[in-house]
Structures are given as C-alpha cells and as structure tokens.
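To start, the structure under review is shown below, and the notes come after it.
By letter and in written order, the chains are A, B, C and D; residue numbering begins at 1 in each of them.
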Amino acid sequence: MRDGTLGVAVIGTGRMGSDHVRRIDEVISGARVAAVVDLDGERAKGVAALVDGCAAYTDPAAAMAADDVDAVIIASPGPAHEAALLEAFARDLPVLCEKPLTPDAASALRVVEAETRLGHRRVQVGFMRRFDAEFGQLKAVLDGGGLGRTLMLHCTHRNASTPPGFTSRMTINDSVVHEADVTRWLLGQEITAVTVLRPAPSAAAPEGLSDPQLVLFETSGGAVVDVEIFVNCGFGYQVRCEAVGEHGTARAGDAHGLYVNAAGRWGGEIAQDYVVRFKDAYDREVQAWVDATRRGGVIGPSAWDGYAAAAVCEAGVRAQESGGRTAVTLAERPDLYRAADRS
Amino acid sequence: MRDGTLGVAVIGTGRMGSDHVRRIDEVISGARVAAVVDLDGERAKGVAALVDGCAAYTDPAAAMAADDVDAVIIASPGPAHEAALLEAFARDLPVLCEKPLTPDAASALRVVEAETRLGHRRVQVGFMRRFDAEFGQLKAVLDGGGLGRTLMLHCTHRNASTPPGFTSRMTINDSVVHEADVTRWLLGQEITAVTVLRPAPSAAAPEGLSDPQLVLFETSGGAVVDVEIFVNCGFGYQVRCEAVGEHGTARAGDAHGLYVNAAGRWGGEIAQDYVVRFKDAYDREVQAWVDATRRGGVIGPSAWDGYAAAAVCEAGVRAQESGGRTAVTLAERPDLYRAADRS
Amino acid sequence: MRDGTLGVAVIGTGRMGSDHVRRIDEVISGARVAAVVDLDGERAKGVAALVDGCAAYTDPAAAMAADDVDAVIIASPGPAHEAALLEAFARDLPVLCEKPLTPDAASALRVVEAETRLGHRRVQVGFMRRFDAEFGQLKAVLDGGGLGRTLMLHCTHRNASTPPGFTSRMTINDSVVHEADVTRWLLGQEITAVTVLRPAPSAAAPEGLSDPQLVLFETSGGAVVDVEIFVNCGFGYQVRCEAVGEHGTARAGDAHGLYVNAAGRWGGEIAQDYVVRFKDAYDREVQAWVDATRRGGVIGPSAWDGYAAAAVCEAGVRAQESGGRTAVTLAERPDLYRAADRS
Amino acid sequence: MRDGTLGVAVIGTGRMGSDHVRRIDEVISGARVAAVVDLDGERAKGVAALVDGCAAYTDPAAAMAADDVDAVIIASPGPAHEAALLEAFARDLPVLCEKPLTPDAASALRVVEAETRLGHRRVQVGFMRRFDAEFGQLKAVLDGGGLGRTLMLHCTHRNASTPPGFTSRMTINDSVVHEADVTRWLLGQEITAVTVLRPAPSAAAPEGLSDPQLVLFETSGGAVVDVEIFVNCGFGYQVRCEAVGEHGTARAGDAHGLYVNAAGRWGGEIAQDYVVRFKDAYDREVQAWVDATRRGGVIGPSAWDGYAAAAVCEAGVRAQESGGRTAVTLAERPDLYRAADRS
C-alpha cells in the first residue's frame, strides 16, 4: 500500500461499480481507486478520468497486475465473477465481490474450493444488509439471547417496479437471495428446504411475471421463514424483517424519519430505491472491507455464504416452477469456513 | 318486546357468557338480560341474582319458552350449540351464537340446512373482529378499491400463554378460526386449501404443543394468506393483519395508545388478553345485534360463515397432521346466504 | 325512575344536544330521553318525534317538572346555563352540564355557591377528555408515581378550521378551556398564572384572529404547561398532551389506527373533527354519568372545576390582550369540593 | 495538500477532540491528522502516537505553522478559542471550530470582525445538528414551502444526567445554544427575545440546578419557539423539533430503530448519549468541512452564526435570572455574512 492507502481496482462500471468508485473516492477513509475495468474501454476511461491517478483497463487481469492495485472490487455482471475471483486468488488479492458470488451453485462451489486450496479467506461477498444499522441491532438482540431461540422470521421485500426484462427467476436470484443470506446470518443455520406460493399476480406486474410471491424457508435448526417478495408494489422500496423468539419479537425496517401532519394524514416518505434505503449500509460495508483489508484480515459474508445462497436460489427456482417443497443440498463445509465470521 | 327493550336469554355462564350478561346489563342500549341458563343451576341462580328481573334456568328450551325472552345469546360449550340453535329455530328466535357455530363442519352444515328450511336468517355468529374499529377501517379501505385487488394477507395472532389442556388442534379450531373468518370477510372469497408449517417449538410451549406454527391459506380468488399463530409468545395478546394490494398495503392491529419514555426505552404497553384488546369490538358486536334484532333484521357473520370456518378448520387440522397441502371442500351455498351481509 | 331507567331531559338541541339525544337513545344503557327542550318549539318537537315517549318543551323548568324526568343534560348556549342549573338545584335533579359551566367566573361562582348551599354535589361538567381512554391511561400513569412528580405538560390542540365569527377570545374560552381542565385534573393543582404569546398569524387564519398562539400556565405546585392552540391548522383535529415527570415522560393523543403504505408514503388518516376523535369519550362520559346517577352519586368534573376553568379563561383573555403574565385569583374552595373526585 | 489529502491539526484532545482525531483517521475520506495539540504535552503525545505521521504540540501556533498542516479543528475549551481562531486567520487557515465559537458575545463579535477584515470566510462552527439527516429533511420540507410559513417550533432537548459542576447557566450556554442555532437556521431569522420559565425542579436535579426549564424564543419574523431543556431526565438523550407551518407540521427526532415486543411492552431503545445520537451528523459535518476545504470553499454555520448564538445565550442567562422577557441585541451584520450559506 502506498502511504498506507489501499489501492483498489473496481471491475465493472455499471450502476453499482460506478457507485463504488464514487464511494471510495469521496466517502471511504484509507482507500483510493487505483484502477477501473470495463470491457467497454471508452466507458472505463470516462470513469477513470473522474478520479486523480486512476488508470483504465479492459482486462481485469491487467488491472490486478498493476503495481498500485492492492485489492479488488468485483461489480461486473455475475457470469464474469468466477474468472475474476480465480485471477484474484492467483495474485492473492483481497476481494469485495458484489452478489451473486457467481450465477449458480456449481460455479460458486468451484470458487469455494479454489479459496480452500489457497488456504485462507480472500473474499467478502456483497450482502450489504449485514452492515445496515437496524439489521445489525436485530442480529445483536437475537445473539444477546434475551428473546430466546429464534423460531420464525417474517420478511417483506418490496420494490416500486421492475426494469424491463425482469423475470420470475430473477425475483429469486436477485431479490430473495438477500433474504436467504439474512436468514442464514441471523440464525447461524443453513436453509434446508424452499417452497414458493404464487398468488394470482398483480395487474401491475408485467405479463408473465409472478408478482407477488410468498417464499418459505425451513432451516437446519427447525425455524420457518416467510418472505413476501413483491417487485412491483408501486409505492416504494421497503425491506423489513421480524424475528419471532421464544420470549419476544424484534423487527427491523419500519419506515421512519421525518414525521409530517398535512392534508388530513400523518406519516412520512418511503424510500424509492435500495441505493437510498441502504446507502449507509453500502458505505459501512465498503469501509469495513477496507479497514479489515488494511489490517490484513477478512470479515463479512464468505465465499461459503455466497455458495450457500446460490444453492438456496437454485432450489427456490425449482420450487417456483414445481409449486412443491424443494430440498436444498449443500456440499460439505470446508474447515476454512467453520469459524464463521458473524459480522 | 316489553317497552321496546329486547329480552335476552344468555345460555352458558362461563367467562364469555358472564361477560355478555354484564355487557347487556351495563353497556348495551335497548336490551336487558331476561334469563340465564347453566347446567349448574346454582351457578345460573348466582348470575341471575346480579340482574334485576332475571330468571335462572338449567334448560335452554325452558328459557327460550319464557314470555319475556325475545332473543338468545349462545355462549355454552361448542358441543351444546347445535341443539340450542335448533331449539331457537323452532321458536324463530334471533340468536347471537359465540364461535364456533358448532364443533365440526358436518354439524355446522346441519345448522345451515335447518336455517335454510326456516327460510330466513336468524343467526349471527360471534366473529367479533368484524366489529373492531381498525379491522372495519381495513375492510373499508380494501372495499374502497384504492389499493387495487388484495393479493396477500399477513396475519399474526399471539397469546401470552395457554391454559392447561390446550392442544395443537385447538390452535386451529379456537385461534386460527378467527383468521379464517377474517380472510373470508376481507376478501369476500372462500378458502380453498390449507397448509401448516410447524417450526421446532418454543421451549415455553407445553410438552406436545406445536407452537408457534405458520398456517397458509389459498383462496378462490387466488390470494395467499400466511398466519403466525403463537399461543405462548409470553409478552401479550397481539393480533395484526396486513393486506397487500396491487397499489399499497394497509395494516390493522399495531400497538398504540399511551407512549412512554422511561428507563432507556420508548414505547407502550401490550394488552394481555383478548377481553381487553377486543372489548370495544364485543360491545359493538352485541349492540349491533341488539339494534338489528329490534329492527327485525339480521346482520353480521352468518351460519354459512360459521360452517365455512368449520370446514377450513377441519382441513387445517388434517394439514397440521399430514404436513401437506389440504384442500377445503364445501357444500353448495344456499341462496339464503348469497346476498352476503358484509358488516 | 321508571323500571330502573333514568329519564333524561336534554336542554338545547343544537349539535351537541342533538348528539346527546341520539347517544342516550341508541348507545347508553339504563337511560332514555324523556324530554327535549328548545326555545324553538318546532325544533324541539322535531327532535322529540325521533324518540319513543319523548316530550317536547320550550321551557326548561316545565321539562324538569315532568314526572318522568329524573335528570338533566344542559346543552343550551352558555348564557342559559346558570338559570337552568339553579332550576335543577331547586328540584334537586342531577345535571350533566356541557362546558362551559357558565360564560364567566362570577356566574360560575354563583353556581358553586348555590350547590354549596344545597349541601351536596349535583353537577358533572362536560369536560369529556377525562373520559378518553388514553387521557385516562395518562392520568393513571401519573398517579401511579412511576414517572415521579410531574414537572411540565406540553399540549397541542389543533382544529382544521374555524366557523365564521370565531374570535381570539374564543380560542381561550372554547378551546384552551379543555387544557385548563386537563392541567388541573392531571396535576391535581390549581393554575395560578397565564401568559399568552402570539406569533405572527397564519395566512389561513381569518382577519383579526390570532392563530396559532402559545398559552403558558403556571400551577400551584410549580409545574409549567405550554399549549399550542391552532384552530386553523388545516390538516385535521389533533389533541396531544405529553407529561414530563422526574423519571420519564408519557404522551397521549398520537395519531394511530390503520397504517397504510401507498403512493410513496407511510402513515394514516387524521380525524377531522372532535366528534369523531372523542366519540368514545363522549359515550363513556354520559354512560358514567348515567351509572353514577342511577346509583345516587355524582362523579367527574365538579362545579368547582367549571368555576376554576372559567377563572383561568378570564385570566387567559386578559393575558392575551396585555401580552403579559396574568395571575389567576380564585375564591376559597368550599369543603364540598375538597374531596375531589378524580374520575 | 500532500497527495490531495488535507492535513489537519486538531487542537484539544478532550472527549470531542479525541473523537475528531479518531474520526479523521478512520472515517473521513481525503483528510489525515497531521498534528494534535494539547497543553498537556504527554496527553498530546499519547494521542499522536495512535496515528501514523502525526506530530504532537503544546502550542497551537506551532502546530499551525507546520508544513503539512492545511486546516485546523478547534476542540479546546471555549476560552481558548479566540486566540486559536485569530492565529488561524493570521495564517489564512480554514477552521472547524467546535461550539461555542467563543464563550461570550463580545469575544465572538471580535472574531466576526477579524474574519471580516480578512475579507473571506474561514470558519465553520460545529453546530452539528445541521448535518443530521432528519434535521436536514426538516429544513428541506420547510424550505420547500409545502407547509407554508413556519409559525412555531416546539423543541425538546433531554439528557439522561449532568456531569458534576453543571450549572443552570450551562443549560443555556451548552445545551439550549443548539436550539438557538437550529431556530435561526430553520427559520432564516434572528432571535429577538428570550424568556425562561423555571418549574419547581426535579428531585433528580443536583442542588441548585434549575431542571427542567422552558425557554421561549421570539424571532424577527414573528415566530415563537418553545424549548424544553431537561438535563437530568433520567431515561436517555432525546432531541426533537416540531415545526408548525400554516398548512401542516413536521417533526424530526422521534425515536425509532429496532422495534421490540417483549415483557408486555412494545417499543425500542433510546440513545443514551449525544455521541451515539448524532454520530452520523458529526461524521457528515466533518466530511462536509473536509470536502469544502479541499475545494477551497467554506460552508456551514459561520462566525456570525456563532456570534448570534452567543448573543442569544447571553440574553437567555439574563432572562433565566430575571424571570422576565429579555431582548437580544445584535451588532450590524457585515456584508460578508449576508449571502447566508444554508447547508
């Protein structure tokens, strides 16, 4: 590291990659954007030009080979993740990999095996909810034990609307994947089965999209989780999770903020977008990754977490298609991932 | 009616029957308790002695035959309901029958058939949530159409603890029966299938009781309903229902009332009991029944509603035992119940 | 009482009087409207015609003289109250007198003196907030002592808009009079001084009306109370009171009820009217008066409470005009009112 | 600036100074702690040792003279601020000065005059609430105009307890000074008069401390502001502000976060400390200062804001002692501060 500042290569300059570039440049302490990578070289140059001393690349491997690159953020499309991860392992570079780790369980397992061969963790997966303040409080309350063992989770995950081309399968892979991770993280258990109920769809849903759906998880510890996924709810972006323990319940994600009385109503505004709702979580996620990396450590969701989420999503898509209960099968968990980091 | 005041016979003087005696005596306008009935004659006399001009009986038929009895409230144990209802039909007396209408679908159907033969409605079933102010607002919002078609309901039904002898089957028949009625009432649809998921039970649940459980309803209009039933939640009595429409959601049952800052916490008290939580609903239910009866009409949940709820509960108990999805089968709906009263 | 049912004469058939007629006829247990009185005889007859066995009068004294009149509700304009009260005292009839007891402190004191000569309490004054469920909880929490001594109250009192002819003086006499009573009731102390601050008025306020205003009370126990009175707030009717104790605070009157997510906002509806907001309080107030009267007792706010509120309002109007702090002076409290009923 | 990174000298290493050192080191992007200053040289060395490349000083002027110091944070005791500010002006260094600007209006005016002679703004005063997310939303709503002109503010400012030696005068100078700034900022008006009401103090207040108090501001635009200041409320740290506009109200500071049902109560935790409650506001304040400084600009509360707050506090202390209404007198506002920055 130059002057103790982490030089980061950001791979992918789409919405999330560009936002990470801005974040590291303007918000994050102790890191700088050393390189940006995009298959579209002009786009890469355009983003690089906004940051002092930032180089543009079209090849991830070339960026990782640069002298001033100490760590990598992968924000390219999912199918490109595996190759970038293996390249980073080859150079033993720390990685913050946006979710999904890879697009399917088989490839995610290959990443887990490769990191296992490397012998130490290098990957933090971008499940940013673990860094949301309220979700963190929820985790702390559950771990504190005052509510007893957690028996159920009730989750809601609502988006105002979907972009063109959004499919039922994506509701599992892109949306419910967050609840899969939250469930595993809050409970410290694996998900063992998935069922998907599909109500008659909303007239506001595009033709062919099942929306909303009710997704049910069962876990290795006997907990049951229900998830409302509704990606064309119309009124905003809303993520809530209520944990039901033996002695009480705790809920994260209630709308709050400025409270207004006007025009015959009390209440407030709903965030319209995950970028707004989870802005602080993204900031904290990246800062935590930079901090851990500068100290030589790895925290946060692991490649195993990424693999397990992928396996749950594969079962979820099959459950969605069959209408029945679908078991989740996982490979054996390598020792490397046994002392689970819970941050 | 003497002086325009409805003379009511209250059959059964357990917790609910006694409460109705007190309610009619002290709270309700236009009615008086003319008779109380209990198999235990001493108990009947004790309750009757508290009310001016109230006679005590051990036989429901004798009470119904009394000159000053114009209407009947049935609050005896469920197995005694059918005989009392048929007796009331024989005398063409209006009845407010506490839920369940009868303990099973077959007997409930016999009641439906008897009332159908009578040719006009005489029974209001005691699903009191329909008279709760917030549930009424929820119904009005859904019927108003501003939220679009209702796609899902999320329900929670929590009791602090169960009395001795409470069984898993009773969680369906005595507790979830309310959500069965609320679902049918809010949506104006029949329930077509039930599934029950049973998490590993709470350590606070008595041996052998599945607690909590997640009950899933599917409806004739394609809606999906999830119900958390948790009868030993420890912290209080809490009933909530969130309806998810195409354009928004509406939720009844949030805790509110006095808001206190003290000892490092903000918040308020949770009602400990359904008698407290639904006190106003019971008052409004009985007043509405008295008012309609004095006008010569019948409103509220019908015998058909009682029968349909019983059929859902039977399917629910089978679903609980099998772990699988269980279809609900209903007899054909008599014309008498077609112009559904929605109050 | 005929058949144990209280025969009530309702004097005045304006908005509040008519509402009391309907309430006693349809809602209240154990009472009936025996007579209605209005200077406008046609109006009286019209209202009486709606109730079985109800007579119409133009003279309060004639109505009170009727055989089947056991008690009186005074809902006529304030200037008519004193004569009606004295007539009721002459006949020793129980009275529920709408606020104000009388329009000024001198006449209110004459009523106090007359009732004192009578030797027993006959009057309950219509400060209905004492019968609101949340205000009752607030009183119970303060009396319970868990929050320590009450040091301050923060009150807000907002109306959507004013009827034509509403004056600044009426904001004190008709609106803030409720906070004067609530303060005295919650704290069990007299108000000793009033100050009124008048911000630059809202453009929505009619010409010449000071709106909003901040009214400050000091009490005999050293507490300080601030009251926002804003009678053209535009968005609804909203009454809140936060008590600040030595160990915590408690607040009544937060908006609640059905919670809706729609159109980018969370929240709910605000009541538009005191008749809606305090409907249950009015019902409970009248039922409590009927119940106490049938038992031969008197509860609730006394003539002394009505007098003290009038004295506070007189000081308030002077404070409003002078801009300065104005002391409240009270006559000596007769023994009759020493054992203050706190209901 | 070395490598575009702002080298900051932090003067004072008490609670706030140490926290700023940690913040710049760990949280803030684009700045580093180049120097720390404390009269206690050992303490300065101890703090400096925690940060790479940070020098320790006992003399502010020496620190400001260092080559790698580009800007200054003043977090020393208030009486030391004037000298440090004048030294920074002499070197034309940007300053973030913790509140109070100086301990009294006369010295604050000298700072204003010195900066005016310098000819450009160099000082941002540490009123961090302007950087709190909810207060920012409140400001945006008021400036947006949808609620009309702001007529009143209701503020509460509660601390769990006071440290030894806390005086009534400090409740104005150290606590209410924040509401003075918030009032001026939200309304864009000067405070013209102050009144202080002192209820009988809480038994939990140390001997001799007036606690709670009600402070009233009147503003140049005719608004009225009430502030409950209660520094031994016992239950936590709570800051709220409700703005009353012509068409509605908006409130910042309601407790929120994780919502828990347990032990018969609903609700959540109250922050115990301003460091916790306003953590994000401090982070945003310092980041905004660093960002503006790197761009060569100045934003946020100005020296004039610091002076005006000092003048209000002086009037407040006199009002506290006299019990009467005390006018605030201000010097003429220099042109330098006319185009008020509103961030």
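General observations
Criterion: a contact is a pair of C-beta atoms (placed from the backbone, for glycine too) under 8 Å apart; a residue touches a chain by one contact, two chains touch by 3 or more.
Quick caveat, the model's predicted, so the values are computed rather than measured.
Greatest Cα centroid separation from chain B: this falls to D. Across the two interfaces under comparison, B-C and A-C, the one joined by more C-beta contacts turns out to be B-C.
Annotation: 57 Å between the Cα-based centres of chain A and chain C.
If you average the CA atoms of chain C and of chain D, the two centres end up 44 Å from each other.
One simple way to say how far apart two chains are is to compare their mean CA positions; for chain B and chain C this gives 37 Å. In chain A, the residues touching two or more other chains are 233-235, 247-249, 260-263.
On the side of chain A, the complex with chain C involves touching residues 233-236, 238, 255, 260-270, 272. Of all residues in chain B, those touching chain A in their complex are 148-149, 151-152, 154, 156, 197-204, 212, 214, 216, 218, 221-224, 226, 228, 230, 233-235, 244, 246-249.
In the complex of the two chains, the chain C residues touching chain B come out as 3-4, 25-30, 52, 133-134, 137-138, 141, 146-147, 247-252, 254, 256-263, 280, 287, 291.
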